[in-house]
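Next up: the structures, one after another.
Two complexes follow with subunit A in common, the first pairing it with subunit B and the second with subunit C.
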Partner chain A sequence: MDMSHHQKDLWTVTFRVFRQKGNAAGHYDTFKLEVNPDEYVIDAVERIWAYHDRTLAFAHACHHSTCGACGMRVNGVEKLTCITPIHTVAKNGGITQVDPLRNFPVVSDLVVDMGSLYQRMEQVGHRPVLPLPEEPAGLPVRKNNGNEYVRLSDCIECGLCISACPVALSTPGYIGPAVLAGALQHGIKAAPALLALVDSEDGVWRCHSAFECTKACPSYVEPGTKIMQLRKQVVGERFANLFRSNR
Partner chain B sequence: MDKPHVIIIGAGFTGVAVSHDLALRGFDVTVVERGCIVNGTSGRTHGLLHSGGRYAVKDHESAIECIDENIILRKIVPQVIEPNGGLFIGLTDEDLAYGEQFIEGCEACHIPIEELKPQEALRLEPNINPNLLVAFTVPDGTFDPLRLALSFAASAKSNGAKYKLYTELKDFILDGLGNVIGVKVLDRTNNKEYEIRGDMVVNATGAWAGQVAALAGADVPVKPTPGIMVAYDERFCERAINRLCPPADGDIALPQRRMMVVGTTSYEVEDLDYVPVTEDQIELMLERGAELIPNIRKAKMRGAYMATRPLIGAGTSGRSIARTFKCYDCKETHDIEGLVTITGGKATTLRLMGEKTADLVCQKLNVSAVCSTQEVPLLSYRQFYTLPN
Partner chain C sequence: MSTPTNQPSPKNWYKWFDPRGRDLGTWAFILNRLTALGLTFYLFLHLIVLGQLAIGPDAYDQFVELLHSPVFIFGELLVVIAGIYHGLNGLRVGLTSFGIAIPYQKQIFIGLLILTIIGSIYFGITMFTA
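Right, the complex of A and B next:
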């Protein structure tokens, strides 16, 4: 909780939660909860499961935005629910709607199958750990007993950018913002297969520059900006290849 | 002959490690987990890859387990670890006195440390408390909790283990003598109940191990002991920064991606399924964390959460209970065949917990396969989602 409210000011919030079991059609169930407005949305969802409906399925793990498991749409906007204070998405006495992420198949309730994202991240070779200073840029690198420092890279592979992307909504084949950012991080130079993958109809050229991905990203990746950088590199590589083949 | 079938309840750190070990040894393995991977205690760890320094004074067994496993995990699963080391920093005369015991303890537990003068420590980590009196380097690291578990689970799957997520244990299936021969489960994605039969069931439910064992008429002396963690949205150091003092509230601040996490506290609860965060504990973490890294006061809070440790023991309280783990054969404790419980321990020792549990399962089922998990590199965490189940 971010401490701007005090415990004594509890709010009553009705959570309208998407439900789907097996092949049955989806619907919404509502749960009226007393909440501290500084609690996070995942706290409310977890309490719905603990005290109101033990059949509610949802994903969560780290509860502090390092694992990317708890992405959902809250009032239609992609959120990492473990760092989304309730007061930012609810009113005292109001209704807050919670849906699963878009553009992935729903497993049940708030759980989606993000296998396609992980398969593509694997394909582009997004590196989960990096020596500094490749990322984040501009920080001084101090000596680690003669070794480089290693950091977990920024992208937590939470799928929020894919859910927020209007192109992914209409074009399931689009490899998507996180994946293109992952390709940029891996580097397309000296990787002809990767260059071919991103320099394709469903690659960098499919993006409409809506930047919804950058807006949704909870982890400083700024996929929209990365896609634009990747486009420049792809064009550069095309010219370089042209030059090489003419020699 | 068919391979023996082992059912594991729980996909926390212990469950995934047991599944990997047993699958490597050639067992048929089914993991049953009521939520997603590491949705309970394991996911909510602060992510410290312990050097063992924290336990070197009072709990040598845990300290030695930590340093040995730390070295193994760096080797088999580097893709989830920031191997940047740690510091223990002393701020008071009391801390200095503890430092003497710390040096002895680390030596006894073969934890390599190096004493640094304050200015040397500040050169390595400019944001630590400039009033420090002494610092020791330790081989700590930090890890991504979900990806650590997924790497074990992916490796298990690649050797044939089946993962049944969102599948809740409803009851054990008993034979006429009260021995466990399988489980009744509820698939929460379609609300259908079904049965799974096995040659052995492993209760790997950590803090919930007592509740689960009770379904079979057994009990386990597990003491669920939550602690708070608070995340701040700025990164101030590369290493884990520990307070040079006996285990205490808020004795560590560690970096993760672009964040800092400060932990933790220790108290006991009855209701495990939801443990509320309290504001006084958030304030305590800020206060204690700022003693290690004063700039934490300038950072915005990003998240706050509770994780419930599965401590083993009866009659003692949280901090004084050893942090090691224990495997219980219900045949010995309650004359119930077919059920083994593993609980206690810590994230850093997950592989060893898997090994010891698999050893017991092998012994009980007369299987001679030996452990090889200390040598086998783990698969990418992503393969958990891409491998067929």
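Right, the complex of A and C next:
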């Protein structure tokens, strides 16, 4: 069965897009587009920029869910817009709302400043590309024509989990799901300095088990589960420290 | 440069209770926070009631008589409901914190809601018919 929509099946969708420049108050602009429902939301946003309003600011790069740049809220739900088909978030003749991610400062329109996320990821030593010998799982290292394989981290640092997290919504100090999951890349045993950072008021204990991060993650990192694994490591390390200090 | 409404801030506390676009986990979080606030508020009320003892037995008895009104009984029922939910959700958070039943956290949440409703009905009938 051909699941694709042909040219004759174009939908008319009104996109309600958040706009904000400088210190001006935020507002919404609407753009009525003819779209193929099998296209992705980022395609519609690009078309708005290309044919309707060249001042629309948005971030994108790879178009295949690798760079993590095009995270937005579509109808209030965090989506990586390059892999979100329009027919999953819109109706023919309907309105689809596009907002910037929550819990990050808006730079312009749909672009947010995710500097805090990147800085914290560096703080926990998360690396997007990891040589296999350094993997926590200790997998056997294979060679490809003499070159070592490297593994790409699952986390693409898109920030969707931080936007979706109800706890991150309540305090800017919370380290956040992506960063806590990133801390597990090395684990506390391999990087003891992490303990002070994650075993804190704004670390693993701030999480309230809403698991919105796991729901939002487009890369199947399952940050919620990772936070729980990190908690186990923290508790284990605390116990171990009790015995160490008694020696 | 930034939108205050887009930022995590205690000033945007009302957004903590907005479930639009969110999954069941946010409902668990919202109810947890509401019941926590309710129970904290009750704790202060409780201390005020106990404070009547310092004034004297008559003042205390008069205040306790007031608490027998249906409005206060309903308030006490809300405290019981909040206690049941907050306690059960605490078990859910505790279990998942130790890596137990994480894939079933939604089902656990639905289960604890059902238990809270059953408990609410039981205590509602008991308290209003006593």
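Note that the second predicted complex is superposed on the first by the 224 of 247 C-alpha atoms of A that agree within 3 Å, B and C clash if a C-alpha of one lies under 4 Å from a C-alpha of the other, contacts with A are read in each partner's own complex, and residues count from 1 in each chain.
The rule is short, and it goes like this: a residue touches a chain if its C-beta (ideal position, glycine included) is under 8 Å from a C-beta of that chain, and two chains touch if they have at least 3 such contacts.
Note that the structure is predicted; figures quoted are calculated from it, not measured.
Of the two partner chains placed around the shared chain by superposition, subunit C is the only one that A:232 touches, whereas subunit B remains out of contact. Contacts of A:211 after superposition: subunit C is touched, whereas subunit B is not reached. Comparing subunit B with subunit C, the partner in contact with more residues of subunit A is B. In the superposed pair of complexes, A:172 makes contact with subunit C only, with no contact to subunit B. Of the two partner chains placed by the overlay, only subunit B lies in contact with A:39; subunit C stays clear of it. By the touch criterion defined above, A:158 lies against neither subunit B nor subunit C after alignment on the C-alpha atoms of chain A. With both structures placed on the common chain, the touch criterion links A:107 to subunit B and to subunit C. When the shared chain is aligned, subunit B and subunit C each come close enough to touch A:22. Of the two partner chains, neither subunit B nor subunit C is touched by A:195.
After overlaying the two complexes on the shared chain, residue contacts for A:47 are found with subunit B alone; subunit C is out of touch. Shared interface residues of subunit A (contacting subunit B in one complex, subunit C in the other): 22-23, 107, 113.
Remark: subunit A residues 20, 22-23, 26, 73, 75-77, 100, 102-107, 112-113, 164, 166-172, 174, 208-212, 215, 224-225, 228-229, 231-232 touch subunit C in the complex.
By the touch criterion stated above, subunit C contacts subunit A in their complex at residues 1-3, 5-10, 12-13, 15-16, 20-23, 25-26, 28-30, 32, 92-93, 96-99, 102, 105-106.
Within the complex, the subunit A residues that touch subunit B are 1-3, 6-7, 21-23, 39-40, 43, 46-47, 49-51, 54-55, 57-69, 82-83, 107-108, 111, 113-115, 118-119, 121-122, 128-129, 136, 142-145, 149-152, 154, 156-157, 219-220. Across the complex, subunit A is touched by residues 35-39, 42-44, 47, 78-85, 123-124, 137, 142, 144-147, 166, 168, 188-192, 229, 231, 238, 256-259, 261, 273-274, 276-277, 279, 282, 300-305, 380-386 of subunit B.
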